[in-house]
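In the part that follows, the structures are each spelled out as structure tokens.
After this come two complexes, each holding subunit A, first together with subunit B and then together with subunit C.
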Partner chain A sequence: MEKLQDRFADIGEFIPQQDDDVIVCRCEEITKGEIRKAVHEGIFTIGEMRRYLRNGMGLCQGQTCGKMVKGIMARELGIRPMDLTPATARAPMRPMEMKILANDRSGD
Partner chain B sequence: MKTTTDVIVIGSGIIGSATAYYLAKNGVDVIVLEKDATIGNGSSSRNGGGVRQSGRDVRELPLAMYGVKNLWPSLSEELGMNVEYHQDGNLRLGKTEAHLAKLKQLADNASAVGLDVKMIDGEEIKKICPYMSDEVIGASWCPTDGHANPLLATLAYYRKARQLGVQYYSSVTVEKLGLVRGKVRKVITSEGTFETEMVVVAAGIGSRPILNSVGIDIPMNPKIADTIVTEAQAPMFWQMLGTAAADFYGHQTEHGSFVFGGGSGHETYAKNPEQMYSTSITASYICRAIGGYFPALNDTKIVRTWAGCHDICSDGVPVIDRIDELEGLVAGCGFSGHGFGIAPSAALVLSELAMGKKASIDISGLRYNRFKAKA
Partner chain C sequence: MKRYELIVIGAGPAGLSAAIEAAKVGMEVIVFDENARPGGQLFKQIHKFFGSKEHRAKVRGFKIGEDLLKEAEEAGVTVQLNATVVGLYPEKEVNVRIGDEIKHIKGDSVIIATGASEAVVNFPGWTLPGVIGAGAAQTMMNLHHIQPGKKVLMLGSGNVGLVVSYQLLQAGCEVAALVDAAPKIGGYGVHAAKVSRCGVPFYLSHTIKEVEGTDCVTGVTIAEVDSSFQFIPGTEKHFDVDTVCLAVGLNPMSQLAEMAQCQMEDNPKKAGFVPVADEYGRTSVDGIYVAGDVSGIEEASSAMIEGRIAGISVARDFEYVSEEEFKEKVEGFEAALGSLRQGMFAPENRGKNIEKTEEGIAVSKNLLKKGYLEEEVFTFPGVKKIKGLHPVIECTQNIPCNPCQDACPKGCIKIGEKITSLPDVDENSQCVGCGMCVASCSGQAIFLVNEDTGDGMGTVTLPYEFLPLPKVGDKGTALSRKGEKICEAEVVDIRTSPAYDHTSLLTMRVPSEFVMNARFYTG
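Entry: the complex of A and B
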């Protein structure tokens, strides 16, 4: 979302939905309702949402739920999913033991 | 779009958002302008979360001590959101006699201005934190230090400020400040001109060009900082950790993961530090360093690495001040990589300065015009 964002933009009231208790992020157990509610509390970007609720911050780093979170947020904000910048991918690709990651120098 | 207000805060990080909150609490009308799409996407969300008084320069110690005594303990309640503040002490660890001498010097300096810091030996360390390696022979111990969650604390200030009516605009770049009859009255941006009575510049490293536009320069440079995050572990210890060797720092979060930062030694020369890319050698270095203090964590998995960018002031402490020669301008920047812990008190003071009041905490060592040539 590179366009100017008015943080008081009217996105309407939070309306509870039947499937709000469905878990979207399985690693951190974050529900659809929590994500929708956070948007109404001013959480407008994927980066903010991850920091606010911890979705996508667990073992899979959002590889499972990233797209779904984006779709839910875009619908709530009334914008297209492609207007939301995805989260930065972060190394390592798979969780790695500290003793392995520490061993990057040959001959030690 | 609202373009006129009492105070414009440039930067939505924890300094800017907390300043906006304290102003709004006093009935002041505020607009916050953020260059990035995301609120607090600079150092505010990219730091180790230390709420520490020990090891600080005496010039910023009054802010640190005031915050720990008066602001941090009630912050979650005040902002209506858990910022995960823990006050379980800070251990600064040493492995050699030279380390201990350095720690003792820091502890003595802090004790002299009334902070409770003392040196403890290996046995006493193990009573506080049983996972410590035998290589650690001593530490400085400050029981009133602690840590909080910087991601949540930053967004908590933003959320509360917004609830109080502070208008935020993100993805708007400040190009320059504008003067009217010698007073700062305009903020000229990529989205047009905003008009105000007072500007607070709290834009981290981005503060320098903004202040330059009205002839004020604060000598600071960007410096990269790398961090690693582990998978969640059962609770092990709540202390904030640092080392005399400055090879790593960190703590376990309420969520269970550990957040550890550290430096390979090449940070000052990293390419494009403001892009905040992780460097290739640092995560491995931090893992090796931690293995030397906490062998129990060797099998813990790293799930994520990230980097941030410090705004390093030439003398290592921030500028928190009203600009004398220009009416309507206050600066809070150059926090040099240790701004999170003092953010609430620094922002409280910035809000006082922006309201034309006297600072209620001693900031006499943090003036903008203190940078003189060496004698």
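Entry: the complex of A and C
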């Protein structure tokens, strides 16, 4: 269950930072600035962020950047990282080719 | 749909241990692992483990892995490799990818032992080739026998950062610096000390500002940070390196538990997002258990015992063992786990600032900030000035480890009942110079010292794990605890023995005045 975020919380203006162009999610090449900007555009949960920017949707499925994204979003929202619910875990846990998904149950 | 009584996900130390316990009492067990080799991280661990004699202390990690595999085979455990579990549901249905197919398998019970993955931090240049995880460096060196680079900077001073730095040195790489944003070293002081005496500088309260390079890493700039981890201008330091190694923690790979709708918690004491489990590894979902790093980051030794507890708990819950048998077994495991979770580095002490040892001795600030002991070394019970040959034990933190006590045939070394107590050297016992204590110390913190051999000279015998071995008669330089060249040294003895388990004992002759400072030899 997603924890309820206050959609009307005043998080201030987006203020550019020096390291905004540093990549956070390397699979999908999403930068820190893009994530911070998205928060100011109203993206308050990790699930929304994944759909909006595709961070954590690549090869490693967020195993590498998940914690960093959480930290960046929490700082921007002025909350603790643990107050952000992590992305929902779904099958398949590892990326795989469609042809393998199509082989589903063929061995049964 | 194929059905098993127990499905274990992950063939690392926890998963294999769990499978062994359940199979031994007659359960039909299958273990899935996505890797081509079983053992998880154990086969990368070439150092001697800490702990008690009863629980494989001073045995090297890969040997523990080999023994675990053998035990699994004898117990009749089936390990299916290259099998990636991609889905897990509350009804204990498991989706596993094997080859080009996804198979659906049902378990009466499931133990999740998926371990952890390496955490990273980002900074400008972190995506350049040459920035790697410490685990990757270990894989390259210890499994594939290739150097990750020629000159390396390590970020992170936890046990992983310290152990891997030492292994990089063993592999012939240069370690330019060991850097940590925290104000003190996170791992065992003995691990830090053995890196320091090889001359590696520590930079605490520093982190990476930028990694330079166009196609690959050519250099790195670090800078000091203040108490809120902001860079302090003007403190930049530059290193020409071709590799930057990140050892900044581990993240539990707990997504399968979440997918199976286990109750989860974000618990800093467990270092991440983990399933809530009771002391037997039972999650909130009936029949789903967890063991090892996936339920909270700890050492491999703890993961193996957690695995055994989860395995025997499944067997009890499915009535393969009686309540009495279960209690008897689990009590033994819990006692062992309890002893591993004691001392300054216990999970409950994470983040705490410990000023004094259990013995009431001030903890060495030098060791925590610089990576080596200075004059305060004499305040610890293992370091005494005794006439003639005697051990000097530079073990100054309460960690659960005691093999040195039993290593001495003359009873020179006492730790006592409490496994975390600091070793005490008995002034009245006669050291015969066998060197068993030196080789038994997983922290390489024991030296045999003779301060005066009669001619103004003395000898220091130290644990030596580098190749090629120096030869008797070689003349070189003695290094201090800090890794500074302090005096000329002549190698007077080199001892190797199966009983030392690949730790060689190098004895060097140095002027008496340097005996209590000379702690390493370089040719």
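Just a few scattered comments:
Methods note: the second predicted complex is superposed on the first by the 98 of 108 C-alpha atoms of A that agree within 3 Å, B and C clash if a C-alpha of one lies under 4 Å from a C-alpha of the other, contacts with A are read in each partner's own complex, and residues count from 1 in each chain.
In this text, contacts are C-beta pairs under 8 Å (C-beta built on N, C-alpha and C of every residue); 3 or more make two chains touch, one makes a residue touch a chain.
Predicted, not measured: the structure shown is a model, and the values here were computed from it.
Model built by superposing both complexes on subunit A: subunit B and subunit C fit together without a clash.
Of the two partner chains placed around the shared chain by superposition, subunit B and subunit C are both touched by A:P92. When the two structures are aligned on the shared chain, A:V22 is found in touch with subunit C, with no touch to subunit B. After overlaying the two complexes on the shared chain, residue contacts for A:I79 are found with neither subunit B nor subunit C.
In the superposition on chain A, A:L101 makes contact with both subunit B and subunit C. In the overlay built on the shared chain, the residue A:G58 is in contact with subunit B alone; subunit C does not reach it.
Superposing the two structures on chain A brings subunit B to within 7 Å of subunit C, judged by their nearest Cα atoms. Looking at subunit A, you'll find residues 61, 88, 90-92, 96, 99, 101, 103-105 touch subunit B in one structure and subunit C in the other.
Contact residues of subunit A toward subunit B in the complex are 1-8, 41-45, 47-48, 51-52, 54, 57-59, 61, 85, 88, 90-92, 95-99, 101-105.
Remark: subunit C residues 1, 34, 84-88, 95, 97, 100-104, 117, 119-124, 126-127, 251, 253, 255-256, 258-259, 266, 268, 272-273 touch subunit A in the complex. If you check the complex, the residues on subunit B that touch subunit A are 1, 37-41, 45, 151-152, 154-155, 158-159, 162, 167-172, 191, 228, 230-232, 255, 278, 281, 283-284, 287-288, 290-291, 297-306. Interface of subunit A with subunit C (complex): residues 19, 22-24, 26, 32, 61, 63-68, 81-82, 86, 88-94, 96, 99-101, 103-108.
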